[in-house]
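Consider the two complexes below, in which chain A is the common component and chain B and chain C are the respective partners.
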Partner chain A sequence: MSSLNRRRAGWTIVNLLVVLYAVIPLWWIISLSFKSTGTVTDGNFIPTSWTLENYRNIFDTGFFTSALINSIGIGLITTAIAVVLGTMAAYAIARLEFRGKKLLVGAALLIAMFPQISLVTPLFNIERRIGLFDTWLGLILPYTAFALPLAIYTLSAFFREIPWDLEKAAMMDGASPTQAFRRVIVPLAAPGVVTSAILVFIFAWNDLLLALSLTSTDRAQTAPVAIANFTGVSQFEEPTGAIAAAAVVITIPIIIFVLFFQRRIVAGLTSGAVKG
Partner chain B sequence: MTSGPHDGDGPQGRDQHPPVHSDIWVPPEQLNRPAADRPAAEVPAAAAAGAGAAGGTAVLDQSPPAAPAGRHGSTDRRRSERRLAYWLVAPAAVVMALVTGYPIVYAIWLSLTDANLRDPGEQKFVGLSNYGTVLSSNYWWTALAVTVCITVVSVLIELVLGMAIAMVMHRAMFGKGLVRTVVLIPYGIVTVAAAISWKYAWTPGTGYLANLLPDGSAPLTEQIPALSIVVLAEVWKTTPFMALLLLAGLALVPDDLLKAAQVDGAGAWTRLFRITLPLMKPAILVALLFRTLDAFRIFDNIYVLTAGNHDTGSVSMLGYNNLFKAFNLGVGSAISILIFLCVAIIAGIFIKGFGASAPGSDDEGR
Partner chain C sequence: MADIVLDNVSKQYPDGSTAVEGVNLQIADGEFVILVGPSGCGKSTTLNMIAGLEDITGGDLFIGGERMNDVAPKDRDIAMVFQSYALYPHMSVRQNIAFPLSLAKLPKAEIAQKVDEAARILDLTELLDRKPANLSGGQRQRVAMGRAIVRSPKVFLMDEPLSNLDAKLRVQMRTEIAQLQARIGTTTVYVTHDQTEAMTLGDRVVVMSKGRVQQVGAPQELYDHPLNLFVAGFIGSPAMNFVPGRLTEHGVESVIGEIALPDHRELLARAQEVGSDGHVLLGIRPEHFADAAQIDPALLPHCKVFEAGVDFVESMGSDKYYYFTLEAPGGSAEVLNRLAEDIGASTQGGQKVARLLPTTTVPRGGTVSLAFEPRLMHVFDTASGLSLR
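For the complex of A and B:
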């Protein structure tokens, strides 16, 4: 009995360590974001006085708000395009026979591993020339290209698991092809599509290098760029609280999302990479 | 071989593999086996996959090829299926080729010229001299050394730590759900936000970690301490991903085998090194490959934490600075191509390690 208790205590400690590992840096930045200007440098782990001042400040400067809008817009459009194109390609890869399938899969894998910096110089030059520099489209295109392998891998792994015969069975039971597709296939495929949409959105939301290189003004600058390059009103005072608040704003929605769709994301991440 | 377009897999394919489930790692060797005894008609495609690994532009050749010579019978159906497949695949292939294939070719061209942003009109062919400039410069070798150090150290730590966390997720008596949930927090955090958290944690006067250090130390302004912090930030953010990949591999190690070994008197470490790890080799290799290539292109953490000062810049940082501070397109492109070659070499080494079971080399036959 006591050995069971000891094991129980051991696992509690181990679990606690993992939780602390994951939570401490997140808590730290949240804590910073609620500290007032006077206490931000006190190094306390818990704010001695809580304030929303930092959050008010970042939304008062139109600069962060527009970056946030750019991030959301670019992220959503990228997700929509990548998921639609990815679904089409993944369906073909999972269910149809065609030549060049392996070529496509190999090329997608290659792009997934591609060092993005290798594209920054040429893309920068090309986009300036054709007027895509510092536009939404100028970011959506490269994001889509880099997200497609992720979408294709995740989706084709999901599609391979769908029992497609159910479609035939439904039609035998009198459903029309459209009905069979809508009532049988769509519900089965939806989890995979949602998963890949989440992964693609996180990718686009997270990117710094491309956004930093291919934008220059608030027309298309995304939130990570705004935060990384945030300088305060005076250059002698580091706007720690405001930066922390901005970081929290762009992080918390994603974390809630990730925790909410936890199972799907784990399945998607491992299928996308492991099955690759 | 395959009995019909809508069966997806051949019947043997189904028998050999367990139903593919996303939580289950299927060792690539197993997946590969049917590929070996596939009829000759499919071999060209396999060869093409190899070519695909050589350059992204190859995707451009997606135009429908002539009907394969070796196949007769039910060709109409096959052909219409193939046509549908090409229509479905084309948009994705075109986007990927346009955005990655074309620019990389363009970068090769730029790297052979003296193009720069100061006087855009002038562009002279200068041969390989940009490569000479880069390869004879200390900046390149420092950045490369920094990048290799960060990559090796952080991937090794991630492997050990990730393995430990995977074990916890796999074996914990209780709270598995909780652990599996919280490890996704680092994955979900935007890299820039996490980097800022680490930066302020180590900023003297502000941070809880800097306050633990002796007075007057500013870790982010010295090379080795700063690099350690970069590694810390990188490890923290990506270990969960590693752990999840390893967990998928861990799930494939049969419990019976471990129990049998235990009965035979094998200790925990012996079981880990003699049974678990060897059986997980494919999963470990895939995880290492993905993480190594990912770590090699490290940019965000360094940009936020040190901006590459005090000799802490990675090759990605160098490429970026060259373009936006030195405005030199030619040299910048040469750096781009060199980084690309480095990545190709790393990938090549890993693929050798995989043997024939590289990801993507088989695949979809199952």
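For the complex of A and C:
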């Protein structure tokens, strides 16, 4: 009894530590974002005087707003392309035997493991030459390329989970391959599609390296780049509070995105299809 | 409804291995045909070729007189019940059963009426709004059946539909399937590895092994007149006993002594026909043995009697299984072991079994006098495996 209690207490402490480890930096950022310029360096965990000044400032210039719009647009388009292509590729990988399948899977893995930093200079040169530099497309293309392996791997794992008998049954029931895919496979793979959509979106949303190198103006600069450039924008003050406020703002779309799709991520949706 | 004709149908995989070779089969309209055989014998591949889920690499398939080789599964008007049931987990029972009809774009009212009717036949009315995950194995099985019967297809295909059910439910569903098929009268091809299902369900049984059809016939015919060693060993439970022997002028000779056969002339002629070298296997079914002490003495002159040491005894209540060993001289043991492996027999080649009355009292380790009528004995050529008698 006492050993059980001790074990439970031990787990509680460990859990608490993990939660604190994750939450403290987050709270620190939120707290900073509500502090006024004068108190930003006071080291208080809870702001002594709350202010929305930082938030007002970052949206004042319009620079951050356009960066946010760029981020959302580029993120969503990348997600859409990567998920659609990834779904089709993953379905083929999970279901079909074709020549070069191993090569395709290997190439996808290779791209996923490739150090992105080594591609920055060539990409920069190429994009400047062909006029993609500082455009949405100039970011969407490399993002899609880097996100596709992720999407393919996640999705093919999900497709493999769907019993092949279901497709055969759909075919016997009179469905064309397209109908079988649309009415049976996609609904069952929905949790996988949503999961990979979230992963891809977060990847595109968080990227700083490529966005910093392949953009120069508010035509295509994304929110992380804008935050990195804050120092130059607000030259009369320490931008700590503004950076904190912007960091909070760019976290919100991710939270909305995840909350919106969370209902659809239902584990064990395929249970009851076939008896194992 | 339609008849099915398989004309020399073969399946060869790209890697060169052959799953099914030269299957010829005529299935009449409304017939219930069972494909049976050990796993890997090509029965499921044959079924999948009829369904269109696997390509036919040689030969022709006709359903209702139409060549179907290149017709897509969805256009063959065949319904299939899978071993795994393959219910759509995101749809309710009603939607599952209605799926083929909604794909066929039937009017809503007609779909509802047909689904209700199928549900009534299969006793699923209460469950129509449940999801497959909330059904028991037997209920899922019935939903799968419902999805098959609802569209009144030309042909039913069933791929081991009962093998995931527990023993009691399996017997119950077996009866239900037989009654359902008799009532609907749709041509049905049923695959199983269970010979009890094969014997009880079908009008005709197709025994397959190693991609080839071994014998086609009514269940009783397969039991009474197996064409070769494989069918003889596969049909019947416990499996037929095989004793190595040699052909003689008046019959056969083996470790249990010389057995004179009245039809020895025909036997020798048949042996010559198949090119036999005189080595044969005698096939005796366990249920054809009797305890010599318990049978009517008047029958004894017609019987061959021999002594056997009892290795062990299994009491089944209604019967007692007596296991005994007969010394098999020379190379035949290998043939027997291979055969035992082929048919998935539980006993080694040398072990024999007799199914005796429960009143038999000989204990384990004792000696039992076994009698059998030579009339009921089968004789097979060892080399070719063909039946000689």
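The working rule: the second predicted complex is superposed on the first by the 230 of 276 C-alpha atoms of A that agree within 3 Å, B and C clash if a C-alpha of one lies under 4 Å from a C-alpha of the other, contacts with A are read in each partner's own complex, and residues count from 1 in each chain.
As a convention for this text, a residue touches a chain if its C-beta (ideal position, glycine included) is under 8 Å from a C-beta of that chain, and two chains touch if they have at least 3 such contacts.
Values in this document were obtained by computation on a predicted structure and should not be read as measured data.
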- For A:Leu199, select first, second, both or neither according to whether it touches chain B, chain C, the two together, or no partner. neither
- chain B or chain C, by number of chain A residues touched: B
- Message: A:Ser118 in the overlay: touching chain B, chain C, both, or neither? Say first, second, both or neither.
- Response: first
- Message: Which partner chains sit in contact with A:Leu214 here, chain B, chain C, both or neither? Use first/second/both/neither.
- Response: neither
- Touched partner set for A:Pro187, first chain B, second chain C, both or neither: second
- Query: Should A:Ala169 be classified as contacting the first partner (chain B), the second (chain C), both, or neither?
  - Reply: second
- Touching partner for A:Trp28 - first (chain B), second (chain C), both, neither: first
- Figure out whether A:Leu132 sits in contact with chain B (first) or chain C (second), or with both, or with neither. neither
- Task: Pick out the shared contact residues on chain A: the ones touching chain B in one complex and chain C in the other.
- Result: 269-271, 273-275
- Message: Could you list, by residue number, the parts of chain B that touch chain A in their complex?
- Response: 2, 5-6, 8, 19-23, 25-26, 44-46, 48-53, 56, 58-59, 61-62, 65, 68, 78, 81-82, 84-86, 88-89, 91-93, 95-96, 98-100, 102-104, 106-107, 110, 115, 165, 168, 172-175, 178-194, 196-198, 200-201, 203, 205-208, 210-211, 236, 240-241, 244-245, 247-249, 283, 286-287, 289-290, 293, 296-297, 299-300, 303-304, 315-316, 319-320, 323-324, 329, 332-333, 335-337, 339-340, 342-343, 347, 359-361, 363-364, 366
- chain B-facing residues of chain A, complex: 7-8, 11-12, 14-15, 18-19, 21-23, 25-26, 28-29, 32, 40-41, 43-45, 85-86, 88-89, 91-111, 113-126, 141-142, 144-146, 148-149, 152, 156-158, 160-161, 164, 202, 205-206, 208-209, 212-213, 223-224, 227-228, 240, 243-244, 247-248, 250-251, 254-255, 257-259, 262, 265-271, 273-276
- Query: chain A touches which residues of chain C in the complex?
  - Reply: 51-53, 72-74, 78-80, 82-90, 99-100, 103-104, 131-135, 137, 140, 147, 151, 157, 164
- Task: Give every residue of chain A touching chain C within the complex, in rising order.
- Result: 163, 165-166, 168-176, 179, 183-184, 187-188, 269-275
